[in-house]
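Here the chain labels run A, B and C in written order, and each chain numbers its own residues starting at 1.
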């Protein structure tokens, strides 16, 4: 005697090939046991290319630490400028807004915001500054883990408008424990000191998890 | 009394774990109401790693405009050579075929093919020329939107054989309105003037759309 | 009379929206035909973001061959250093561990390990060395096919710790015959001669295959 009730649409054929969804049924009118009329609202969430994410299948928070080579800090540096526009060089960020500078990095990952905490992996890859009128960058890199908790890698790519408090990039794949995964990483700048040091907080939210049987 | 009819395969166990598909049934023979024999052709489209795309879940067309820095056009330039082979430099494309030149760009996106139309976003990222015997490139970039229609980013990667009339690259992820999306972008060169200006038409076809609830 | 038997969970509503999975049923007790009690263990493999891969939907093995430009081998070279740290240059790998060197490549793909076999496609893209204390790199590239067997491209990205016997990178998308595909590529160094020549064996395992209808 509910006003509406949901039943499953479990498959279809022809024009409704492989469709799945929900049908909401309402009794529109009835006359005793003799006659009734139902209203059926069908909502199809088509198999395989429209997905609804309720919550991540896995969440993790990490920090990584970048110290750019400036001509004098080779021993401590974890990254180096390897490309620059014609008006730039490879020991000082180009002006304005570092536009065109490309940096390769080999940064420690820690579980807290302390550069000197034992690293649990490496963030390895590149970023470059790609906006003329403000600081903004593009990232292509991996988190590489080989410890008791995680073995494998997460691969990232995306736009990082670093003046925003938080920004999202894509998790485009993974290997080992992170086989075939996809998701979003929310970045925030936890600290920075000029162009020499910055620390990013990375909140990894995986929405597509795979298990290799 | 149809010759064939389709029913759904809605699930399975054991060797058919989670299988879904279509069974096509044919009445092979029958004798009155007493006996009949059915032929059943089962086609399983296994859950989760074989997908059939009928049509994009979202389609959009954009243009973006690239003006490469040539040593004299800093104000108008939207991109700059930041890497080049030993025989190249950062103000003229290297010869032959620009091979090895790497460009970082910050290009306006417009809805029509007019460079001076109000930009609705930025195409930011990089490309490099990666074929010795013809013009061909590889792209890694984002479309960045922050307007009334779209908020978020689309991330792209792939091979762009730019002498072809059309070519496809991958949409590898997205954020905001384009959370977790995947698809294909069909590129075509809408115009070019030497190595200084080119305009790409980008037909984005998303086949995997997600909604974060 | 089986101890346990599996039935399908084919859909759900409300809190179980779109759920699918397996229910394992056990007869817990019964008294003749009058009473029985079932134990039902329900395992939901939630639609769309938890996937179980049994086997690749497609597997292929290729080799590709890289000859780095060293200042004297332009004709034979298939790749060139286009970026380097301040302490490096573009004809010799930087020391130590090539850190920061970025290479653009246009390499032949063969079906066997012979550099002189007829190429069946090109591996085009870039890699850079991103570890200070050992040889390790990051790859962003495509396999480009245009032959009778395959037409289209596969796009790759990921971390390549090349001192390991095997290592996995991500297949992040594809076009043409490889429309929308995802998977893993297992790399192994099949041969190398100093920094001038290396040959990679690539075992492509696709776990997500798509068909455009």
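As a working rule, a contact is a pair of C-beta atoms (placed from the backbone, for glycine too) under 8 Å apart; a residue touches a chain by one contact, two chains touch by 3 or more.
Predicted, not measured: the structure shown is a model, and the values here were computed from it.
If you sketch which chains touch which, every chain touches every other chain without exception. In summary, the pair subunit A and subunit C forms a contact in which the copies contribute largely different residue numbers, shared numbers making up under half of all those used. Relative orientation of subunit B with respect to subunit C corresponds to a rotation of 120°, obtained by superposing CA atoms and rounded to a multiple of 5.
Rounded to whole angstrom units, the spacing between the C-alpha centres of subunit A and subunit C is 18. Across the assembly, subunit A contributes 10, 51-53, 82-83, 102, 140, 157, 172, 207-208 as residues in contact with two or more other chains.
Remark: subunit A residues 5-10, 20-22, 45, 51-53, 57, 69, 71, 74, 78, 80-83, 89-91, 102, 104-106, 122, 124-126, 140-142, 144, 153, 155, 157, 172-176, 179-180, 207-213 touch subunit C in the complex. Within the complex formed with subunit B, the residues of subunit A that make contact are 10-14, 17-18, 47-54, 82-87, 99-102, 128-132, 136, 138, 140, 157-159, 161, 167-172, 182-184, 207-208.
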